Amino acid sequence: MLIYEHSRPGRNGAPQAPASKADLSDIPSGLLRKDSAALPEVSELQAVRHYTRLSKKNFAIDTHFYPLGSCTMKYNPRACNSLAMLPGFLSRHPLAPDRYSQGFLACMCELQNMLCEAMGMAAFSLAPMAGAQGEFAGIKMIAAYHSANNDDARREILVPDAAHGTNPATATMCGFSVKEIPTLDNGDVDFEALQQAVGPQTAGLMLTNPSTLGVFERQIEKIAAIVHEAGGLLYYDGANLNAILGKIRPGDMGFDVIHTNLHKTFSTPHGGGGPGSGAVGVAERLKPYLPLPIVAEAGGQFSCLDEQDAPQSIGRLSAFMGNAGVLLRAYIYMRLLGKSGMERVAEFATLNANYMMAEAKRRGFQLAIPDRRASHEFIITLKKEASELHVTAMDFAKRLLDLGYHAPTTYFPLLVPECLLIEPTESEAKEVLDGFMDALEQIREEAANSPELVTTAPHTLPVKRLDEVGAARNLDLAWKPEKAD
Amino acid sequence: MPFIPHTEQEIAEMLEAIGIEDTDALFEEIPPHLRTAGLEGVPPGLTEMEVSRLMHKRAAQNKDAVCFIGAGAYEHHIPAAVWQLATRGEYYTAYTPYQAEASQGTLQLTYEYQSMITALTDMDVSNASLYDGASALAEAILMAVRGNRKSKTRRILLPRNVHPAYRRTAETIVGGQNIELVEVDYDRASGTVQLDALQQAAGDDITAVVIQQPSFFGTLEDVDAITDWAHERNALMISITNPLSIAVLKPPGQWGSKGADIACGDGQPLGAPLSCGGPYYGFLCCAQALVRQMPGRIVGRTTDVDGREGFVLTLQAREQHIRRSKATSNICTNQGLVVTASTIHMAILGPRGLENTAAACHANTRRLVEQLTGIDGVRRAFSSAEFHESVLLLDRPVNQVLESLAANNILGGYDLGADYPELGNALLVCATELRTEDEIAAYRGALQEALDVKTLQKEIA
Amino acid sequence: MSEIPSELKYTKSHEWVRDENDGSVSIGITDHAQELLGDLVFVELPEVGSEMSAEDAVCVVESVKAASDVYMPVSGEVIEINDALADTPETINDSPYDDGWLIRVKLSNPDELDELMDADAYEAEIAEE
């Protein structure tokens, strides 16, 4: 039932708003609303009950193992939330003068510094509000750099074909054309193809390491060298940072600009689809172009740099400080982890992934890249099961839901057919991983003996399989009063 | 070790299963000379007690003062239930609803959000949110360029009384995509955009017109005339509105005879705390004809195989993970949790709660302006009707006045000097429903003092 | 097994072409293409009167899992579009070569027809996939 179905005209005497409507007669009547907006009129109890019940229809990290590859669904510490919502932070207006915001700005400055240290970069901007915005900032900075060097012939960005969809989408948004570089079966970028592709038209290469196939790009030094020699810059997609945090730094690999996903690696909450943060870091030569605002420190006083302080900046990406509350949560998380905590994230994320991969192999599942170490994630391909048992990876995913596990990523990477991209994260205990592998085996057995159980799953959730085609053909995107029965 | 559950025993079992001696072997594919020795610059970890002490100290270092600043972020009362519910683990720690059957909570809530925001704006459809109002404007502009087949020039009229940070953000985001943002000045006397100024800037062909209502100054535009004018020239109308204000002001869907084509703005006033600047969310609504040009996620209602009502992400084919370089945008993660809170906020307040709140903001600002302009040396900048915010002209430099007010624990407003030097000493003030008569009286007293000739003389001496 | 009518011409990007013998051709997507895409939910057609060159992207066909460009097999002016597809895009799935036609184009260079594949060549082409 929609909240609207609990609505009755005249219901709702909310004590959270002024009791009466003030006089608006000084506003020209032609500019005033004639009828009330069609919002629901419910009591507070009805709203609370409705949204509490709705919440129970969700899978979440707090309730289920969520091995979504490339999403890093690790535990979101509660202290990060309560401390980020202290009144001193919550009530601060973004345009309050810097000198009255020293506590907040100190946290931001330290966050910038810790990110520089952890990533091996010279400077960071916390402005981008999600990974995609961080990518946008990164590619824009590359464009600004080449432009400043009067190198305007560089109109092409290289992207591996295994890359996440945001990479080519971002390059296009920045006015570049995209050239895809193939990936070899062992997961490495096709170096020879890359050699052919670089030239005076190359603005840069976008890469993530480990790659979206869950393996480390072993030729990274050669790749960096060849792109730099051709005059291009190297961009790092930080989606998979959880695999290498504290073990190797993107700056040391030769990357000129990186974006981080604070809502992945630094455990800010996924919130049902955000808010995230795509803090972006640069090597020395790209510093002048960082997006605003950037927090600086001088003599113990913190302040935000603006357009006058940073005239070559690519500019603003938001009206204020980006997703400030998210940044505070990331800061608190990093303070809780500290040096040794951060150095162990990758260790245990990788241990968990490799353990699951060994188990998958032992239990007879086919690995997409069998002869290599997994990073923090790995891929099972259900190609064989699909052709022999006529069940797809999507069917497996749906049946996993019945067994109490959120499915791994199935729509990505595009290169592996019928894949399950599995990322356990370091938060999960061994018995959870074992339980998941047991569930996969159970489903495979079901697929052989009672396939309908799998192909028509899920059976135990609030809804069964949904008609996505119908949803796209007959668009129903909002409840409207006229449509109500 | 924080948040890692492994026992020594378990580690040993796992290493054995993998067939290695220790965890170092897991990283053997990384060239050893590239391995980091250690993150020396990161301080040691703190216990929860220690970090709590630290954050309390830091929070206290943000001066607590009575806030009369608006300028795009507004302090409103948020019902206690809103964030208690929004931070339930099932909402807080859920992911993007790609497995629809396991995410009906988030999906249905998002559908309800889309329903409520389209009701407020009186538009046909909405997406599930963008990052903030400023980036929503950029996306609206990109959408207009994609959607307006009748226009070839990719020129957008963007008045100067649109929020300066929104304009700068739009420049950053759409620059490099062959789109011209044409600046149109506001009328100095009224603080609004005039039709002849638009006419002059338009030339032969414009793709879209942007109007912010109320404007950044708080002034009220003639939205009907401007919308009809835009449509006569085959241009699309993009509106930026404060979503709380349209509980009482005419919503974009009713502007002119055909309504705005794209409506955007920042949802912060509906349930997002100020929180040092974010997270907020950008809302984006449009006419049905433009729905396939809309970036971001969209939730649709459908049925399952048993005919039960259910919700899914739809129109995903336009999005980055499928369309890749031809996507409508690169957006992925949006502002889900804030939208969750905002939906609950709107449900609890209902239409009357929002109307009364919006009207109270207007009344309080009116009272503030009456009180302050009663002081010698303070007058309103503009002649037109205003809503919720006002620009005042002072006889002293604004930054000095604000300093003086701050010493009295008052954040007096936003100094317009950097963005609108032509106005002189101009201060943008705002009083929401939270400001009391006492607080307004205290402001008046403190401002009087700040402008006092005696004080001025003292400083000159 | 995909249907591949023998009287039509084909492209590598899975468009078919029917010579209407009046200086114009009808264009659509093949049975193989509609199978790959799955249930179609939307079709974006060009404006009548558009002048296009061979290999220009002229339409978009959208399913739940993909939005694919349809490319011009030949050069010419779009003289007719299949409006009915706005309400029932699934017609392309049911009848890709007849009721599911997308556009009709007046040829600007009839010789281009000779460069297209015939049914056998197209069959061999998709067998390799």
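To keep things simple, chains are lettered A, B and C as they appear, and every chain counts its residues starting from 1.
Note that a contact is a pair of C-beta atoms (placed from the backbone, for glycine too) under 8 Å apart; a residue touches a chain by one contact, two chains touch by 3 or more.
Computed from a predicted model, the values in this text were never measured in an experiment.
J.: Give the chain pair, either B-C or A-C, that is connected by more C-beta contacts.
T.: If we tally the contacting C-beta pairs, B-C comes out ahead.
J.: Taking each chain's centre as the mean of its C-alpha atoms, which one lies nearest the mean of all protein C-alpha atoms here?
T.: So the chain nearest the centre of the shown protein is A.
J.: Rounded to the nearest whole Å, what is the centre-to-centre distance of chain A and chain B, using the mean of the C-alpha atoms as each centre?
T.: Here chain A and chain B have centroids separated by 21 Å.
J.: So how far apart, in whole Å, are chain A and chain C when each is placed at the average of its C-alpha atoms?
T.: 38
J.: CA centre of chain B versus CA centre of chain C: separation in Å?
T.: Chain centroid spacing, chain B to chain C, equals 44 Å.
J.: Specify, in ascending order, the residues of chain A that touch 2 or more different other chains.
T.: Touching at least two other chains: 468, 472.
J.: Mark out which residues of chain C touch at least two other chains, giving numbers and ranges.
T.: Within chain C, residues 41-42, 62-64 contact more than one other chain.
J.: Among all residues of chain B, which ones touch two or more of the remaining chains?
T.: Residues 317, 322-323, 326.
J.: Which stretch or stretches of chain C touch chain B in the complex?
T.: Against chain B, the touching part of chain C is residues 41-42, 44, 47, 62-67, 69.
J.: Which of the residues in chain A come into contact with chain C in the complex?
T.: Residues 468-469, 472-473 of chain A touch chain C in their complex.
J.: What does chain C use to touch chain A in their complex?
T.: Against chain A, the touching part of chain C is residues 38-39, 41-42, 62-64, 89-90.
J.: Which of the residues in chain B end up touching chain C in this complex?
T.: Residues 149, 292, 316-318, 322-323, 326 of chain B touch chain C in their complex.
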